[in-house]
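Going by the order they are written in, the chains are A, B and C; count residues from 1 in each one.
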Amino acid sequence: MVKDITIGQFFPGDSILHRLDARMKLVLTFALIVIIFVCKSFFSLGLMSAFVVFLTLISRVPLKTILKSLKPIVFIIIFTAVLNIFYTTGGAVLAHFWIIKITEKGLFTALFMAVRIICLIIVSSLLTYTTTPTRLTDALERLLSPLKILKIEVHTIAMMMTLALRFIPTLIEEIDRIMNAQKARGADWESGSLLSRSKALIPVLIPLFVSSFRRAYELAFAMECRCYRGGKGRTRMKQMKLGWRDFAALAVNSALLAGIVMLNIFFPSVIS
Amino acid sequence: MPVISTRGLTHLYSKGTPFEVAAIKDINIDIETGELVGIIGHTGSGKSTLIQHLNGILKPEQGTVLLEGKDIWESKVSIKAARFKVGLCFQYPEYQLFEETVYKDIAFGPKNMKLDEEEIDRRVHKAADFVGLKEELLQKSPFDLSGGEKRRAAIAGVMAMEPKVLILDEPTAGLDPHGRDRILRLIREYRDNTGSTVLLVSHSMEDIAGLVTKVMVLEKSRVAMYGTVQEVYSRRRELLSMGLDVPQVTRIFAGLRERGLNISGDVFTVEQGRRELLRYLGKGAE
Amino acid sequence: METVDMDENIISFNHVSFTYESEEKVRVPAVKDVSLNIRKGEFVAVLGHNGSGKSTLAKLTNAILIPESGTVLVNGMDTSDEDLIYDIRRTAGMVFQNPDNQIVATIVEEDVAFGPENLGVAPAEIRRKVDTALQEVGMYEYRLREPHKLSGGQKQRVAIAGILAMETSCIILDEPTAMLDPRGREEVMKTILRLNKQMGITVLYITHFMDEAVQADRVIVMDYGSIILDGSPREVFSQVERIKSVGLDVPQASELCFLLRGDGVDLPEDVLNAEECISAILTAVKG
């Protein structure tokens, strides 16, 4: 039922990717995204794509699930490709009807862009597939903690994120309950004009807001009673430690970057 | 003809997955007009699922729900009508209040029924009056009411639809004994005054003993028992095997019988117990 | 007057009063001149109807609310002293009525760790305390679960574990079972009774359920801000009329005997459960 919803896309597993330190994963994902943009030639992009395929395989996340993450952006991929096919010109002309010219460069650029987007999406998805939202927010908190020097409330922001994650399933259940209760009194979200359907959301949103404020109020008391005083002096039960796998991943990524730079130098660029 | 019936009613959760579970399975019930039915069962027995089928919030996987002999899912019109003919009041109904004033909130149901202003006004006042909400409270924001008042306002909101069948899911949840007694009295009066059928989901065998005309026991997705209080409560061993038990006073009289007293075991409320013992002792009750 | 050894009292109320101000600026006295002492290791149930002041009493105990007049001492510490609030809450932990609105983390064991983390306990030590606490409440197998997938009774046990992990000497529970089903209520009651009996943790248990109060060492009944009864369950529940007049339940056994006494049947005043009732009636019938 609603209770079975897992937040984000986490796919439980025991692969090497699942076991990497979340901080390293965050940093490397970011690095990979940058590296994707560093690729300039088909060969460097080809190496990158091979690496992405490799990551997908070792994550042991089923192909079907990975393809699911691409579904929402299929339209963007096609749109970008089409745009490039028709508007990027250069090199030999492959087809010509009326004022529309399809050139070699257009086709190559379109392909390049499409592959790039796909790599981007898969890399980011792999992060969320192999890391629980909790670990991610933890990792973020620890990575950003040096920012405390700039008086940025890193701990508070991380706490807010954790609480949000904790309460999303609870709130979803509550929305379900409220909707059923209002349905039982004849509320209808399915028929009628857009305006009347939007108005029909009020009997759901208002009770939700009211109860959320009450929740927050009670939660604040409960936290205070457990001696919560913000981030000062707090310790954490779960410690994050980098292991050999994490350094290996770092090494592999660095090698990848080196390889891509080399391929960029020695082979012609597709995009300028 | 029973006012509400089900035939082979089944509902599955997580269908098609390895987690598929039947929340209710092959339920066949017939409830006559005017009955006050107490529905008992543990969390997970299927109580909530069953009642949500009776007003069409949930759609059956298999089987039918008949309201006055007709399938409620026959047409879009019939399902919409079923919402209003079978009024369902959820647990902790005070959490669904949302309007600017108590009046408007109670009027929400009748308004959705597309009744005219005069009729809505009549119904709102009637319902508010019945649950004991004073006139002054009608113009206040529902969020300014006390907990007990909020609950009664929410119940009034369902009563204002003047349903043929009123279903209340644990209407006494979270209330103290005084609040609980008040609500139960209200429910009894409602049924006695309007002649509507009332279904009341409860956890307490003791609460409903002196109140209802029929008891329905749900267990593991099926209806285990349906009968009068006397019929159901006398099956103590079965109830115990389901993790339920009879009221303390019933146990007391069963114990007295076991020790040889020639006394009736059909005692389900303290008052019945008192009268029975006095009868046994040859004294009349005052 | 009996002098009570001050060291033995973990919680002391001394002529405490507290008033709420409602929306229309009406002052509602919630607690009126209450004095009471709770000894270490006691299991005290506070019984009362909604509005009797019992929840206010609980909140005054760990400085959520500060008395208008009088003092509340927790292990000798005055709750009105802002500097001591942290230490007071390390001594007296609180479990609230709504199981959801006190769980903070996305994983059970991380929520139980929340308290010790706030206290700056060393990580390895926290691990030990969390595991122990979860085992004490019987939720160790659920330690990696997500809280929203638990039943109400399980959530409350996790909340109790969260307080246990802080190793407080006293647990205050404010109507912890009001929103639970009978199974959940039983779970919570069994857990808290065991913690009291086996670990000697002082328990202050606020409720309106008579069948829970009956299991305590001592029952305090409140009505409109004042304590009207204070004694063992037997002493308190024998006052059937008094209890019913303040809108509370007594066990059916007690009520039956009470009514029959009124009809001239010779029955004892302190019948509390079914067995006692059966014996008492048999004696009265034979005699």
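The working rule: contacts are C-beta pairs under 8 Å (C-beta built on N, C-alpha and C of every residue); 3 or more make two chains touch, one makes a residue touch a chain.
The shown structure was predicted, so the numbers you read here are calculated from the model rather than taken from an experiment.
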Label of the chain whose CA centroid is most distant from the centroid of chain C: A
Contact-richer chain pair [A-B vs B-C]: B-C
Inter-chain centre distance, chain A versus chain C - centres from mean C-alpha coordinates, in Å: 46
Intercentroid distance (Cα basis), chain B paired with chain A, Å: 47
Centre-to-centre distance between chain C and chain B (centres being mean Cα positions), rounded to whole Å: 31
Residue ranges of chain B touching chain A (in the complex, touch as defined): 13-14, 19, 52, 55, 57, 80, 83-84, 87-90, 93, 95-98, 108-109, 112-113, 143, 157-158, 161
Footprint of chain A on chain C - complex, ascending: 62, 64, 86, 89-90, 93-94, 96, 98, 100-107, 109-110, 113-123, 126-127, 130, 146-149, 162-163, 166
Interface residues, chain B side, partner chain C - complex: 42-43, 144, 147-148, 173-179, 203-204, 206, 243, 247-249, 251-252, 255-256, 259, 261, 270-271, 273-274, 277-278, 280-281, 283, 285-286
Residues of chain A that touch chain C when the two form their complex: 3, 132-134, 162-163, 165-166, 169-170, 173, 214-215, 218-219, 221-229, 233-239
Contact set on chain C toward chain B in their complex: 23, 49-50, 151, 178-179, 181-183, 208, 210, 247-249, 251-253, 255-256, 259-260, 263-265, 273-275, 277-278, 281-282, 285
